[in-house]
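Consider the two complexes below, in which subunit A is the common component and subunit B and subunit C are the respective partners.
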Partner chain A sequence: MLGMFNRLKKSIIETLIVVLIGFVGGAILMIIFGYDPIAAYMKLFKGSVLSIDGILESLANAVPLMLTGLTFAIGVRSGYFNVGAEGQAYMGAIGAVIIAGSISLPYGVHLAAATLFSMIVGALWSLPVSALKAWRGVHEVVSTIMLNWIALFLVRYLIEYYYYEPGRAERALPALPTARYSVIGASLSTIIFVTIGFTILIYFILWRTTLGYELRLTGSNPEAARYVGVNYVKVIFLNFFIGGLAAGLAGASQVIGRPPAWTIYKTLGNVINLGFNGIGVALIGRNHPLGIIFSSIFLGILLYGSRFMQYLGIDPDLTVAINGIIVLFLSLPELYSMVKRYIVGGK
Partner chain B sequence: MEISRKLRTLIIGLPSFIVFLYLLSILGVEPIYLLETSLMAMTPLMLAAVGESLNERSGIVNIGLEGIFLITAVTGVYYAEVTGSGLGGIVVGGAIIGALIGFLFGFISTYGRAVQVIAGMGLNLIGLGLVPFMMMAFWAFPGIHIFNPDLRIGTINISISGAIFRLSPITIFAILTTIFLHILLYRTLIGLRIQATGERPEALDVAGMNVNLTRILASTICGSLTGIGGAFMPLGWFGGLVKEITAGRGFIALAAAVFSGLDPLLASVSSFIFGFSEGLAFTIMIAPGIKEVLPYYFINMIPYIVTIIALAIVGSKRFPKALGKPYIRE
Partner chain C sequence: MLRAKNVLRKLISLFTVILHMRKIDGITRVGAIVVTIILIVAVVGGVLYWYMSVGPAAPRKVKIAVVSDIGGRGDLSFNDMAFKGGDEAEKDFGVEMVELVSKVEADYVPNLEIGAKDPDVKLIVGVGFLLSDALVEVAIKYPDKNFAGIDTYSQDIVKEKYPDKYPLPNLMDIKFEEHKGSALVGAVGCLLAAYYNEKGGKYPYIGGVFGIEIPVLWKFEIGYKWGCDWALKWYENKFGHKAPIIGEDSRYGTGPNWKEGMYCPPETPGQCWYKGRVLWTYTGTFSDITKGYEAAKPMYAKGAIAVYNIAGPLGLGINQAVKEIAEARGLKMGPPFWIGVDANQDWINPGFVVVSMMKRVDKGVYYATKLVLEGKFRDVVKQYNGVLTLGIGTQVMGTPMEGISASTLKDLDEFIQMGVEAEKLTGKKVLPMGPDEIKAKVKEMRDSVAPWIWEALAELEDKIRKGEVEVPLAFTKDAIDYWRNILG
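The block that comes next holds the complex of A and B.
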């Protein structure tokens, strides 16, 4: 028990150090390009955490990131580097548009149907990745990225030819009122409860079921997994499929769970980068579902707050770069002991 | 044996390629324009794929090629404007900035003992965020920048039966670099050392050579070549800069390196295949017989679909034993 507590303490301190490095890195970038980092960070946090609306918006931003973070984390836990959440989120979003925007169903049924359908569409988009990995040994990084691009063009095509909103061709059909999660405040809807519930469910699957054990064993010790007879084809398909369910829901959350638009734009502007930012969320959250709840809220704050930096002329995508710096430093396993040696001295 | 197999592929491949071009020309595709665009599209892929082959041979896997492409596309244009010449942009904003990124990546992958796939993805994220940020900082306009056409790298114009075929000098540079690196890797001592660092780093260490420095050197060369490719896209090819300019080409280049089993010559051939699929997409998009039938969104998917199919056909290859593993002396 004490060992577990120490491990937790270590990883929290480690994460805080890396997040701090991310902020310092962002500040250095701002200084290089002639901005005032202190004013920028003040704006960011004032906008995102110092008002009720700001907190609600930050949480609304955290919802899809929690899910795409899960996608990546399930992959890492099973030993795969799944960067396909991006494209699967596009597919989930268009899946949600198809059910929520173009079909009439009674309330409740409609909402459930849109939610489930979008998750399944996201998951189906992972099947080529699994098949290529299991039977042809194609590296998942390349195949997922290629599928992300194919999904981008496919979704744009579907919007332009079939699911555009009449009179407003720049966006897809909005979700009908019967297929909308109720609004809590600002742009946060009750889909956050579904999301947190799903995240906790994934925790139980990974740590409390045989399937989860097989996935994690394959990830941590593939030799042992093979020795005890874990079917690696099953592991490949299931880990990508479950990841796809999460990513599909992430995309759908922007349609059936996000006022005021309740839809996606043809540019996919409100879905783009959700998947890639999820990589940072997963790694900051130590690829643990419960850690991801916190790290997604952290990145949600950053992403929502970044729009206030625009008043200083700073592009809000700087936060993606900060996320990247954090990921880069999280890749250094020795960082914690190096920093500790430096501060404590010796040992 | 190895040579003859490559030769055989060439003997079968070249005529069937010419027949394919002829068939396309019947459909209304301009073969000269197709070849020109294919070579343009091939150039950045080839530079990055050949660099990555060298890099992976030494034991470092850098999946951050896309990030390097992204950053150097912007810095390339910026330094072209500062130095007042396109070549200046390629050298400073492309080769030097790229080399710097490659050096840092090599450093953290060796002395920092980084998990390289994660570090590479971090690099991609940094690129993804830095591009809009830098474009805003440099030009105070989001997402798009048109520069003075005088800064474009000039092309060598060859007239073939009335039509003009434009060839970029950077393409020639890429081909010469490939040949040079092929000879370096297989025929010189440095090349043997690079191969040994990827296969048996402990043997190199025992022989008194520095494993980490060799890897950093390979990573720096890879970064520099990728940087030239990144700066080439706006300066030598498109003549403008949008924030999505790289469009996943970093990953296609990665696929080209993997596809060819890390052999520089084969990597350049696969770069041509992928570049050709992109050139085909660009060409048939404007071909009168095709654009009515097939929506442009589907044509845009061609390079990505070709990449997946190519990898599926080839399957998994043999990789250096120490690939991705930082060398720790026992």
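The block that comes next holds the complex of A and C.
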């Protein structure tokens, strides 16, 4: 118990230090380009943390990132580098459109059906990855990235030819009112409770069940896991499948859980990058579900707040770079320990 | 700058302190954490306090906020033109424009909202129909601010979703009379065919490549076809004979209602039409450039002298088809041509883009700002049920506000300048050749065709402005069916 407390303390100190370095890094970038970093950061936090709308918007941004962060974290905990959340989120989003937009069901049932179906579609999209990994040894980075592209074009095709909104061809059918999470305020809906609940559930699965123990054991020491009889095929399938459930829900959250569009655009502009941003979230959150709750909110604040830096006249592309630097520094400790583990494990 | 440096120095020393603390044993570490947190809170709090106490006291300018869609800056058409309108408003009215580029669709609402929250901002402009829903939500939330949308249909959404609030008094959809502009370029196209056929060419058609079949595009389609019909009748009137091939040929149809290559349907007794002169394809996409190429290629093969781009980026596909023909035949100049849309696209492939149907998004932003500054914005919203339509000869409360025109040599400069700026912004090569070369080539092309083509264009524009002719507006299924029966 004391050891855990010490580790927690250590990671808190580390986090504080890298937060500082990250912000200093962003500040240096701004100074180089002739902007006032203090004013920019002030504006960023004043806009996103010191107003009710700002908090709601930041939380709304955090919802999908929490889930895609989980996808990556479960992979790392089980020893796999799962970057498939991106494509699985697209699939989840179209899954949500199919149920929420094109089928009529009573309230409640409709919402639940859309939520579950999108999660399952996201998870099914992980099966080829697992199968290729388990039986053909194809590295998951290769297969997930390929499937991300397939998902992108498949979803665009489905919207273009089957699920477009008549008269508004730029987007898919919007979720019917019976399949929408109710709005709390600004862009935040009650889907955040489902999301946090799911995240805590994953925490329990990973740390309080035999299955979770097997996943984590495989992740930290595959040899030992095999020695004690853990079925590695099961581990592969389950870790990618659970990750797919999370990513599918992330995609769905943009359809049935975010006003005012309640649908995806054909460009997929409102789901694109959710998966990749999730990697940063997972790394900042130390690949721990509870850490991810906080890190996703942190990134949500940055993403929402960066428009205030734009408002000061900072080039929009530079605001992306500043956020990138902050996220990069924040990810470093976990990235370092992951690389260390990889090198030690590889010996 | 100096402030920033001082704070940097403070942060660095703080960081060093923390690093050293890590060497101290267990119990004092708790203390270290507490000290660190206190330090950070103190620094942040101090800076906050200091900043708030020395707020700027400069005189406040009226601001307008322009929120782009995800195309953003450097798209050379829609968004760039909107920002250009803001630049002009800055110059002419002394307002300050705040630019907000949306990176994803989820940015629309928050971007509109931070504009609305700034007390100095009097007008928030959303650029592009994708922002329609977001504008409605934000405009309802901030009833004291004025909102304008370019090409949006926000008030229709208000009508559907919040019928008791329709029309929202602080929200203006700015639309354009694309059917009139399309008629202008349709006329140019068919007269071009007539002119080159006189010189021995064989051009029985003009073409149109459309995007997804939505009612807005029907406006373009019928306007374009009607313009061709008007032009061929104009030719007949002026020269006393029908235009060679495109005016007289019997390939377009035969039967009881056909007379000398014209269609005289029972619906319009005593009136005949040049039916079937336009080859048209709906590609079903606004993004797949290859579809533009695939659609344009057979049109040119059938003898279309010019193909009108009504599908945004698909114009690049049409351009590709033209380039191939030009290379195969060693041409320096059309025919074949294509026709640009929205912006002045004549510079994209100088000598091969005969004219562009310009939709002056910049004027939309400019006029909206003007109305706000003159205090007339809400009156106009009230008078027109929230929709301001800019076109040819538009008058709003006694002030001319035009938004549609055929491209001219004169306005080519502005758009070349836009290309120059886009090159700076994106670091990519945008212009096909130097600005002067482009201008020379476009002028050469315009001079190479008969001057009466440009005269006819000016005449049609003038007649539309004076209301002497009425370009049909097809916006419903019934209307489009009716006009397709007549014009093909």
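We adopt the following convention: the second predicted complex is superposed on the first by the 308 of 347 C-alpha atoms of A that agree within 3 Å, B and C clash if a C-alpha of one lies under 4 Å from a C-alpha of the other, contacts with A are read in each partner's own complex, and residues count from 1 in each chain.
In this section, a residue touches a chain if its C-beta (ideal position, glycine included) is under 8 Å from a C-beta of that chain, and two chains touch if they have at least 3 such contacts.
Note that the structure is predicted; figures quoted are calculated from it, not measured.
In the superposition on chain A, A:327 makes contact with subunit B only, not with subunit C. Once the two complexes are overlaid on the shared chain, A:39 sits against subunit C while remaining clear of subunit B. When the two complexes are overlaid on their common chain A, residue A:29 makes contact with subunit B while staying clear of subunit C. Once chain A of one complex is fitted onto chain A of the other, the partner contacts of A:273 extend to both subunit B and subunit C. In the superposition on chain A, A:110 makes contact with neither subunit B nor subunit C. With both structures placed on the common chain, the touch criterion links A:260 to subunit C but leaves subunit B unconnected. The contact surfaces that subunit B and subunit C form on subunit A in the two complexes overlap at residues 160, 273, 320.
Here subunit A touches subunit B in the complex through residues 29, 33-35, 81, 83, 128, 132, 136-139, 141-143, 145-150, 153-154, 156-157, 160-161, 273, 276-277, 279-280, 283, 313-315, 317-334, going by the rule given at the top.
Note for the complex: subunit C touches subunit A at residues 1, 3-4, 7-8, 11-12, 14-15, 18-19, 22, 26, 29-30, 32-33, 36-37, 40, 47-48, 51, 70, 72-73, 98-101, 103-107, 109-111, 113-114, 118, 129-130, 133-134, 136-137, 211-212, 214-215, 284-287. Per the touch definition, subunit A reaches subunit C in the complex via residues 6, 9, 12-13, 16-17, 20-21, 24, 27-28, 31, 36-39, 42, 47, 53, 57, 60-61, 160, 167-170, 186-187, 254, 258-261, 265-267, 269-270, 272-273, 304, 307-308, 310-311, 316, 320.
On the subunit B side of its complex with subunit A, the touching residues are 63, 67, 108, 112-119, 121-137, 140, 142, 247-248, 251-252, 254-255, 258, 295, 297-298, 300-301, 304-305, 307-308, 311-312, 315-316.
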